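In the two assemblies presented below, chain A is common to both, partnered first by chain B and then by chain C.
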Partner chain A sequence: MAHVRLRDIRKSFDRVDVLKGVDLDIADGEFISLVGPSGCGKSTLLRIIAGLEAQTSGHVEIGNDAVDGVAPAERNLAMVFQSYALYPHLSVFDNIAVPLRMRRLSTLQRLPGLRWLVPGTRSIERGIREKVADVAELLGMKDLLARKPGQLSGGQRQRVAVGRAIVREPRAFLLDEPLSNLDAKLRVHMRTEIAQLHRRLAATFIYVTHDQAEAMTMSDRIAVMMDGNIVQIGTPDQVYDDPQDLRVAEFIGSPKINVLDAALGSDGQLAIAGKPLPLRCAPGVTGPVRLGLRPEVLRLAEESAALITGVLSHRENLGGEVLLHITVPASKEPVILRLDHGGARGLALGTPLGLTFAPADALCFDAVGKRAPMTAVTAREAVHA
Partner chain B sequence: MAHAAPIRRQVWALLRHIVLMSVAAIVLLPFLWMLATSLKPQAEVFLSEIRWWPHRLAAAENYAKAFDKAPLARFLANGVIVTASIFLLQVLVALPAAYALAKLRFWGRQTVFALVLFSILIPPQAIAVPVFLLFHTAGILDTYAALIVPFTISVFGIFLMRQFFMTVPDDLVDAARMDGLGEFAIVWRVMLPTAIPAVTAFGIFSVVAHWNDYFWPLIAVNSTHLFTPPVGVAHFRNAEAGTDYGPLMAAATIIIAPLIIAFLLAQRRFIEGITFTGMK
Partner chain C sequence: MPDGTGQDFPATVQGVAPAMPQRRRSQQAVALGLLTPALVLMTLLLIGPVVVVMFMSLTDYQLGASAWSIIGFGNYQELFADRVFWKSLTNTLLYVGIVVPASVALGLGIALLIESGRSLRAFYRSVFFVPVMATLIAMAISWEYMLHPQFGLINLMLKAVGLPARAWLSDPALVLPTLAVIGVWQLFGFNMVLFLAGLVSIPRALYEAAEMDGARSAWARFRLVTWPMLGPVTMFVVLISAIRSFQVFDTVHVLTKGGPSKASEVLLYTMYSEGFEFFRSGIAAAIAVVFLGFVLLLTLVKARVLDRQVHY
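For the complex of A and B:
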């Protein structure tokens, strides 16, 4: 087990900069997710850590060893691939045994047929058999060991790929979108299973995904990547509640955060569609600003008390909760409001609705999308305004 | 009315088969004639009537004479040695080359691949004379090496395997690298097992082409004990049989027998291989 340290990692393919100076410290035993839209460089970063790709500049450190230029196998990491990458001609047992055989047996001891004549092969093979059996037991696939990957379901293949990673007791696990080839139900199940595995092994996990829900549910920390940079890194709560960038706010959370255009008064007070809000931006922030409101912070309100007004355009009933789509003048996309089970029953489409929210729940972003500090305006000031 | 459509379809199927069978008959006719002739005594070979089955069966003496007058067993053994060596060496060269062209990133890869494609266009006859002179200088004419070496690098094989390797996911190669396999180990322990259908297809083409090759062995070797089956039979005709067609056809039957038997045993693989490569 080891920590992983990245210093100013840059990578260019044919003069296109894919990674633009990534710094990242991953603690020993931490579960960290690299999340971002496709093309943000997260998979490239993982491959650089693995040693499958060479960085253009920068340094990778695993444990306390600089591993720049060290071959993938010597870094002693294990990787689980999106396509599982099982050897199709080998049984499940042999698939899991490959990394051990490569490490424990000499070239001569791996020669087909001849290998049994070399002293020591038998006892090493016995050790490998025990180790593979242990892993199969741990993952609950003892009765699958004789099968070929072609005879397994997606979830079982996934498990074999995880087994092949565990068996070598690597310094860290690298997972490259391991769940995206599974159906939705299995994906949710495997999420729990991987999180439990992480707790049991207490190993460093580096998990790449484009699915923010996977990142939120499993990680100790999330690193959100955009255009070759890590834009924000923090616990799932920090990234969700306190996004430092509009792109992070929009990427994390489902349904997506509502973003409204807001006007900035001369004293810093914000207004939406001409209606002043009890919110003031810190001095120095210049217009146009945008206000981010999570679907669950919005509440329905009387017209007189409403901060935003709009018209109900669509209702999504998800059973446990209800999503209202409300068309408002300040945004091209409808604002989404989340209500608990059975909320807003009987509301007809086209009904005018008033919306309100607690000032502290709003997030303000400046013209370039950076988070802008904001203070609530006290009631007395509001009267004067 | 309900039965009209199936009946029409059956008639159509019958017609189709008649056409196909008559074409097949045209192709098969020389083979059948060869078989028939190999069973006939000398007197019945030159009859003016068409006789498919001889009145006096002379199979035993024809085949005995073929084996007696020409070292047919030797020719067959030579054929096996030469085609097997060629195929093994071709695989030994083509797989690593194809792997490099398909999965490794290196400067000039596209150019090298273009050269491979270009080399497919060069017929072996065009370079026969330079190769002959080269072998003469090297002093390996009239040896097994002369029969085998010119074909060890099969550009067709490299191309075919490269195309197949392109379809193998990169993740599999990366997983092997993570597991500690070197690049050559990846070729032999990962790529080769996944490419068995492609290797089989290539093997069929290679063996058929070199078993039947007449041109190069005719030029490269002079000693009878090095003759491959086709050259051996031709030699037998000139030197021994003259116009004794019965034993000659018996010899011809014997040398094509291994390929036909191999085809019958591996018929499914054979057809799979041909459809796999998308060639005729």
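For the complex of A and C:
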């Protein structure tokens, strides 16, 4: 088990910069997710850590060893591929045994037939059998060991791929979108299973995904990547509650955060659609600014107390909760409001609605999308204004 | 969608139900009608001649003769007692035994080299494929000049580096291996192209997984991924090579005519000389049946044993 340190990693393919200087410190035993939209460079970064791709510049350190230019096999990492990459001609048992056979047996000891004449093969094979049986037991697939990958379901194949990764003790596990080929229900289930596996192994996990829900539910920390840079690193709560960039705020959270255009008064006070808000941007921020409001911080309000007004355009009933889509003048897309089960019953489409929110829950972003500091305006100031 | 229509209009279901057997019958008639051209052609051009040859092998028919009679297995008895036939059969098997492994190994080796190289791929592919496209008769004549004992290119080169010249086509010990080399030269390009196609279809992720799993050397990755993944292609290549080298005839006919002293006599050449030089069609037919037996055996081996092992 080891920590992983990346220093100023850059990667270009034919003059296209895929990674633009990534620094990342991953602690020993940490579960970190690299998350971002497709094309942000997260998979390339993982492949550079694995050694399957060479960085154009920068340094990778695993444990305390610099591994730049070191072959993947020598880095002692394990990887779960998006396509699982199981050897189709080998049984489940043999698939899981491959990493052990490659490391414990010599070339001669792997030759079919001849291998049994080399002293030591038998006892090493016995050790491998025990280890594979342990892993199969752990992952609950003892009955599948004789099957070929072609005879397994997607979830079972995924489990074999995980088994092949955990059968030896690598310094870190690399997972490249391992759940993206599974159906939605199985994905949710495997999420829990992988998180539990991480707790049990207490190993370093580096998990690449484009699904923010996977990153949120499993990780100790999330690194959000955009356009070849890590935009923000933090715990799931930090990234959700305190996004430092509008793109991060928009990427993390489902349904997406509501973004409203806001006007910036001369004293820094914000207004939406001409209506002043009890919020003031710190001096130095220049407009136009945008206000981010998570669907769950919005509440329905009387029109007189409302900070935003709009018209109900659509209602999504998800059973446990209801999402209201409200068309407002300050945003091209409708504002989404989340209510608990049974909320907004009897509201007809087209009904004018007032919305309010606690000032502390609003997030303000400046013209380039960076988070802008903001203070609540006290009641007296508000009256004065 | 006949079922969908039935559900959409329940009122008509009763009317449709008795018509179903009739429809099935008419479908069968259509199927049969569509099969007929292929069946007729197969019978006329393949199954018919095979049956005729089998029948002919039981007669004493001679090409051009007006009378013939059925003599049972007389032709086979004569054949199996004939030393030339056994010589011809062992020569053919020896030829196949050299050409198949050599052309498969060479085809795979060159395919791997081309695949791992970066530049001039298309050039190498074409160069090695040329012998496959060339007419073998014409190529055999070029080989004849190259192998000429006195002024052949090969002997001149050997002499230039101080090695003794050889009589490639008239030395009984050398003639069959020499013909086999020409056979390999003609065949490996075809095998190479098949292997190239097989190599391209191996997912890259498997090689990456192998590297992560600790397959350090190229040989370890070849054993773990390439060789097993090429299983079906290899099976096909071996079979095609075997059938094609069983059919060796052109080079023998042009270069040696089975000589010297039957050292390069092969099955198809024996059949040709029996049938069209000595006009003993019955014997020739018997040889054809033996030949057919070998090809059938190869096909069965593929279908029964190996297909199961390499299929996933």
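The definition used in the following text is that the second predicted complex is superposed on the first by the 385 of 385 C-alpha atoms of A that agree within 3 Å, B and C clash if a C-alpha of one lies under 4 Å from a C-alpha of the other, contacts with A are read in each partner's own complex, and residues count from 1 in each chain.
Following the convention adopted for this analysis, a contact is a pair of C-beta atoms (placed from the backbone, for glycine too) under 8 Å apart; a residue touches a chain by one contact, two chains touch by 3 or more.
Please read all numbers here as calculations on a predicted model, not as lab measurements.
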*Put chain B and chain C onto chain A via the superposition and say whether they clash or fit.*
clash
*First (chain B), second (chain C), both or neither: which does A:R103 touch?*
both
*Thinking of the overlay built on chain A, is A:K148 touched by chain B (first), by chain C (second), by both, or by neither?*
second
*asked:* Tell me the contact category for A:R371 with respect to chain B and chain C: first, second, both or neither.
replied: neither
*Go through the superposed model and pick first if A:A50 touches only chain B, second if only chain C, both, or neither.*
both
*asked:* After the superposition on A, what does A:S83 contact: first (chain B), second (chain C), both or neither?
replied: both
*Both chain B and chain C touch chain A; at which residues?*
50, 52, 71-73, 77-79, 81-83, 85-90, 98-99, 102-103, 164
*chain B-facing residues of chain A, complex*: 47, 50, 52, 71-73, 77-79, 81-90, 98-99, 102-103, 164
_Could you list, by residue number, the parts of chain C that touch chain A in their complex?_
203, 205-206, 208-217, 219-220, 223-225, 228-229, 231, 312
*Of all residues in chain A, which touch chain C in the complex?*
50-52, 71-74, 77-79, 81-83, 85-90, 98-99, 102-103, 107, 110, 148, 150, 164
*Within their complex, state which residues of chain B touch chain A.*
169, 171-172, 174-181, 190, 193-194, 196
